[in-house]
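Below is one structure, written out as structure tokens; comments come after it.
Which chain is which? They are A, B and C, in the order written, and residues in each are numbered from 1.
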């Protein structure tokens, strides 16, 4: 039962292939972090040799390690076998005391690290998709002291890796932060570039112990892979458990 | 120093498993986390055991009532009783003066232990996944020597001076500096002390920051600087064995930034005054006369887990038992109107809208 | 009639006039602007290859999508990419707009960050210096056409990206400079409207001769970005949109075209919509042709009018009709009666009976017995 339900998200997202951009958006009431965990686990399935580069702004390694361990995925081992790169940016401070230049340098250095890792892993043998994950874009903005254009530049550079190396992207951002017009680009720009947008929202009726919220998956159909543009939109409820997340259509929950 | 603890904590420590109380005042929770007591037994239970070690707790103040001070006082007192180090920052000129107002633990243990369990069962339920821990704690309490993990505080009796006269308390005024750099530095040296002491945390510590964005601070209009500070503090706290409680008046933070603050919080609590002598409310809420205010839990720290904490109720009334101890009770509504208080309808909109007043009927 | 646009871009600039410019605008509600851009790019390319167009080649400024994407696109549409250097130059502002990769390469962090494509590209490493971008666009254009004669088209795949790095006036300056350049045949560019303030869209509209808006079929009434409510509509908005073109004609008129746009496979189909909603007529012509406004004098006059109930208490004794003639009244009555008399005396000489028909449906007088169908 659980397996068929877990597929509801995967079904909506579609078959994973390289070079896909997934944007996850959540709000204060309902965290969308579990979607990130799902993609993390998905990318580290033992039957592939895909690599994940995880840029953590929100939580330290121990947090993800423990969560993924419960989901049956050992990050420590993956780290050792070079399938998982964890960049701890919790204390990344693009310093603001020495003016603008250094602030951009902080993100430049981070990008350098990412690209370096991508270059190394893509040069290894075997076909592998490198997935780049960022666990909180709004915190990059905080680190950049509110200069959202720097964040967009940084994201742009990350996206350029898609063209050359076929990297996939999964990023999390908080939709409810961006309510006023002048802050919108940071949520809209990634949406324009995204292939899949996943929104986690609370139910209109509030939270309950058996339904933790709803997911809306907007699958644009890969705009960039010409050929197919089968866009679809799905909405379903979910319940997060330690080891698995149940997805179900409203009312079909047993 | 340990002998100055007001009650025989070592007695109960032996009963409960040895691991749970290796560090005084720290209790093991699920997923490899540990809890610190908030200093309010009821709040601990609502949150599933207390404030998670390494978490950032944010309290949204009511600009019209000082309820957040009650939370801060209890939080700080509890830490001092556990011999935990404390950093207190406040917009007042002399933050150390605030220590004189900290409450003292309740003397008569007997009264407490026979009154508490019944009340817990009747009024407080916590997230299902914590029931086991809840039960454990309950039995611990019933075994007589209720562990020193969490005290009841007598709000009318000031804390004895020797608790805070030592080296363990650090105070800083937010008012003197034009920016947050000094505070950040103090916090980082403070948390470095803890981290330095050993690889695995041997002592917990508390950071309490009162009214972070209050207008008398020079930096109160620097939204990004404050956010950056909170983020840095969160990072520090996470890597050290500390809990930081920040209280702030949400009305002074612009709406877009308020959301950011809320996202940064691991645990998000708001307190609200209730209107005085409101006949409507008196009809609607039983026990209205004794209420000090309302406390809502919007977010519970989710460290090392992806499962959201779904509370059965998110809004509680703050009351004083015997005019001394702060207790939290589920809102008991007279069955007149189902659209208020602790109903799920309002808990869903736990941010933003509810802040502006979930009691504007 | 998206062909109208393509035709205009194909025909290019007239002698002594600025080059036609098209702005394609979309919002996140219907993010189909890039499809339209691709469509127009391929149409123009086809025209160039067929020798029908004024432009001899295209300079594509790639900002939001990599050159390799366009190589794919053109290959997909059946163009010969390997020989594209004759008619296409790509200014690659996508790969390294700020020179980060270059810096990293110099530092030795990465080895070869740049991507290779079949298209002939030129890399732009500093998007902030728009003048250099401008000169490289023109340089690339001159590479295609022989020196001195011939024109080229310029395609900018998202002005939004440029605007992140530069101010609106400088972007506007570049665009108008390109338009007035005597070797530029036409310009078209894409803009994501909601990434910018309203002024940006207005500025680009001002600068361009045509602007094509991609709008959702059903406008969302509430401004909220809430998707969970209306799934079918959201799903639809990724496939279908209104295509709304305003075309500034040379004779000073504006041609408005409203079409529908479908995403089909890799391309789009644009169909005409018959339903004319008369939007333009409404906004141009005053809605009501009656004069409902009062001049100041009229307003004063109106204020002077004494309404019936206001007679009371205006200084005169209050007169309430009690069914009898009071003394004062009888005087008035007499006056009135004399007037009546005057009227009646005028007509008294004749003894006519004047008959007014009550209504038109009554037949003129006839001899027929009105009761002849009466059945007793």
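We adopt the following convention: a contact is a pair of C-beta atoms (placed from the backbone, for glycine too) under 8 Å apart; a residue touches a chain by one contact, two chains touch by 3 or more.
Please read these numbers as outputs of a predicted model, since none were measured by experiment.
A comparison of C-alpha centroids places A closest to the centre of the full protein. Look at the CA centroids: the one farthest from the centroid of subunit C belongs to B.
Centres computed as Cα averages put subunit A at a distance of 32 Å from subunit B.
Mean C-alpha position of subunit A lies 37 Å from that of subunit C. Look at where the CA atoms of subunit B average out and do the same for subunit C: the two points lie 56 Å apart. Within the complex formed with subunit B, the subunit A residues making contact are 28-31, 33-34, 37, 59-60, 62-63, 66-67, 90-91, 93, 96, 136, 138-139, 142-143, 145-146, 174, 176-180, 183, 202-209, 212-213, 240-242, 245. On subunit A, the positions that touch subunit C within their shared complex are 108, 111-113, 115-116, 119, 149, 152-153, 156-157, 160, 162-164, 175, 181-182, 184-185, 188-189, 191-193, 199, 201, 214, 216, 218, 220-221, 223-224, 226-229, 231-235. Contacts from subunit B toward subunit A in the complex involve residues 31-32, 127-128, 223-225, 227-228, 231-232, 234-236, 238-239, 255-256, 259-260, 262-263, 268, 298-299, 302-308, 310, 312, 343-352.
Within the complex formed with subunit A, the residues of subunit C that make contact are 28, 31, 34-35, 64-66, 68-69, 72-73, 76, 94-98, 100-101, 103-104, 107, 109-111, 113-115, 160-161, 164-165, 192, 194-197, 225, 227-228, 231-232, 234-235, 238-239, 263-266.
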